[in-house]
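Next come two complexes built around chain A: one with chain B, the other with chain C.
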Partner chain A sequence: MTKHMQTNENTWEIGGKRLSSRLLIGSALYPSPANMEEAIRTSGSQIVTVALRRQSANVKAGGDFWNIIKSLGIEVLPNTAGCHSAKEAVTTAQMAREVFGTNWIKLEVIGDQYNLQPDPFETVKAAEVLIKEGFEVFPYTTDDLVVAKRLADVGCKIIMPWGSMIGSGKGLMNPDNLIAIRKQFPELKLIVDAGIGKPSHATQAMELGYDGVLLNSAIALAHDPVKMADAFKYAVEAGRLGYEAGTMQQREFASASTPTVGTPFWHQFNEEV
Partner chain B sequence: MKIAIVGTGLVGRVLALNLLKQGHTLTLFDKSSKDGTSAAGFTAAGMLAPFAELETAESIIFEHGKRSIQLWPDLLKEIGLFDGYKLDGTIITAHPQDMSELNHFIGTLKHKVAEAEEIEVLDKEALTKLESDLEQHNRAYYIKDEGYVDAQRFMMFAGNYLDMRSEVTWRENTLVDKIESGKVYIDEEVEAFDWVFDARGLGAKEHFSDLRGVRGEVIWLEANDIDITRPTRLLHPRYKIYVVPRGSGCEGMDIAYCNECKISQEPGSKRYIIGATEIESEDTSPLSVRSSMELLSAVFSVNSNFGEARIVNTETNCRPAFRDNLPRIENEEKLTRINGLYRHGYLLAPAIVEKALNEGIYG
Partner chain C sequence: MIKVSVNGEIKEVSENLNVLALIKELGYTTKGFAVAINTTFVAIDTYADTIIKENDEIDILAPVQGG
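So, the complex of A and B:
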């Protein structure tokens, strides 16, 4: 980890915890638990999401997998993956709270079985119930501004719009929508969740002023997940630093940053626009 | 030598067959019955797919797998199972909307081993020529030199063969508490051997603290109208299923094809094993509704005639695995431990046993 990430001014707060890494990482799809462990450690991430599949809800039975997760010593963010209704999601969240001993929950209510698009209506309904029950809700939603508003209305302090469809690796499909949500809710914690395929996508999300990025497949399905975890660590840092530093305004004309006098003509063609 | 093998699942049976050839006297211990039906090796589809497994496995699995494929025919001949092995290749396919899964799959294989460059791409016509009942698919990969072992019949034939040999004493339903160099502990009693093999799988947790069980679920189907002759994998963004043909059963044999199933097989019908879920849980409770829906809807999409197939059996079991999902051999004085074959039992067992013996008792 580089120096600037360790200074206090670069820590941030989410769900009542102060953290330095802005990369949230998933725990599925890795070639092996050992590989997952190494990738997560390498990523420097301090929040790991874990699916509470009902079949493995029995902590004792799923013991070794949870032990590995716990041994990472980072925050666990259980999710409600696989739920299709608010009711189901609330039940799963309650189970997760018991199993993991945390009030954090990544709320994921699926509206379409094939592309796993979130169901905004059920998500808002479930968020309202869970917030009343004292959960810190991390809702996964589309990049729709009105849905984000509804989630904020019911008390969500964190909103996680997608970059693109989950597992698609297409990056930020509609950056303008993400920018609109950021502008509307400067006080909320915003995380881009899903659709990230390459490190540059994560950088782009951070440059938009998002507080963090959540991803899984992009690392777990890489040929070398550990190396890709390292790449994402730097990508997220780079994007955040870029945001904090303030990017220059784009111009509609070429503007040489060095005087053209005395520069060979073939170098002039390389100037960035 | 007077040798003990503790655990008579797949690894224990392959060990016993190897050691008998060298003229040793064997005592076999198992906490369950000798028919082997509670072993993970009995639930397995018995795939021999060193290439296809590379999607999530490391290249060492590939090397061991290729060696096992060379070793299986002699092992099966030895126990009189002459039609329990097929190496006609395997098929990997996906639905048109999931072509990126196929691309990812082949890309991963090529990244891991150079030989993957030779995997053949099939268009609709070539695929239909090879497997007419996969005509619903437009594109597939055909991996030659892959196939399967008839896992259930291997377990039975090997069990019967070992049972008949005078050099073998089989102590079933006997729980071994602890294994040490040349020693087997049962109910506080110690028995001494010239060499002891620990092949207990998940039963060896007292020694391997990092061993875990990974749940797998399979469904047995019987279909009259479908003739798929090669193991076929369907890639899907969320679940990967395989369909492994099991043919028409044991012709002229009086051994039941599947011990568990009570339904007699229709003459001319064919059986298929549909798997395999991977659930990080040491849980052997019956198949869940969710898993059965995933498996059955996927197989229905492979060929809609599966809609008329009969579900003859469902099975669940747990495979022993270490955190790196790689097998482990531990050799010391008068003791060899083999464990963690994970989902690669039939792919690895003969090669790993060979390696363990060469490095240990024959080393």
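So, the complex of A and C:
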């Protein structure tokens, strides 16, 4: 067991909660509810995202799904997925607060149906309203620095730029943009949300100094979601440790790591040839 | 009877129902669902005072998987 695990010194705070895992996991797209449950448990995640949808009267509210989520005993982060305006998102958030009993909301306002890119104008508008109503807003946004600034201006303490398009698995499209947001807002909690496809993407995001990653498809659509959940647990931890340890400066040229003093087979004749 | 939209489907319901009576008439329970009328949230403690009108668009939502 490593030192940081023993001392639990890697806990962090988000939305008023102190957690040890920096992996936020989605609950959709798994092959079965049992597989979802096992994957979430294996991931070690302490925040799971959920949603609200229309349901007919003959179905027990939320059914077995909600019972499974509650049995996990971890934080629930409802989303406003599918909303296309600030008004829809605010209403969905209010409904989620009542059903799920939390003031946390993953704010998603989609601006384009093709690439599911967030609408920055409506997202900022909704965030402002929700913060005034006492919500802890987790806004899903692009990697645009100025949009992040506007979200911070209206009071967001957490910002979740995308790595790439939702469900694309393409990883971090614009690491430089993500770095710029990190440097500009050292005091905010930053989560890379969307586009993560494999564990190394999550590690990369964490190495940039992001506080966490949120993903769903990369685990749920893996051939073995439970094993992939395990992989992401270690990937996120590795990336965070790497960030905290401080990576070396890149060099333009090679630099031998083995000492040159005492190199065998070298002798002065070499210099004379 | 009046016509309203419930989760996108047109339904005929009794006149002058409050939300509590409406969800009972539709067969829903009050627990585990949230209600919006015309895209505005209706809090559970206001169900009794909120009267359903002709052409109201009612959304009744419950927990599902999400990313």
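In this text, the second predicted complex is superposed on the first by the 246 of 273 C-alpha atoms of A that agree within 3 Å, B and C clash if a C-alpha of one lies under 4 Å from a C-alpha of the other, contacts with A are read in each partner's own complex, and residues count from 1 in each chain.
The rule is short, and it goes like this: a contact is a pair of C-beta atoms (placed from the backbone, for glycine too) under 8 Å apart; a residue touches a chain by one contact, two chains touch by 3 or more.
Bear in mind that the values here come from a model prediction, so they are computed numbers and not experimental data.
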Contacts of A:N35 with chain B and chain C, given as first, second, both or neither: first
Which of chain B and chain C A:L52 touches, first, second, both or neither: second
Which partner, chain B or chain C, touches more chain A residues: C
Which of chain B and chain C A:L221 touches, first, second, both or neither: first
Partner chain in contact with A:F65 - chain B first, chain C second, else both or neither: both
Which of chain B and chain C A:M173 touches, first, second, both or neither: neither
Partner chain in contact with A:L241 - chain B first, chain C second, else both or neither: neither
First (chain B), second (chain C), both or neither touched by A:L145: neither
Doubly contacted residues of chain A, that is, touched by chain B and again by chain C: 53-56, 58, 61-63, 65, 167
For the chain A and chain C complex, residues of the former touching the latter: 26-30, 36, 49-63, 65-66, 69, 78-79, 81, 87-88, 91-92, 94-96, 98-100, 166-167, 216-217
Interfacial residue positions of chain C with respect to chain A in the complex: 7-8, 26-29, 31-36, 39-41, 43-44, 59-67
Chain A contact footprint on chain B (complex, rising order): 56-58, 104, 107-108, 111-112, 210-212, 215, 237, 279-283, 288, 290-291, 322-326
Complex interface listing, chain A residues touching chain B: 31-35, 37, 53-56, 58, 61-65, 68, 82, 167, 221, 223
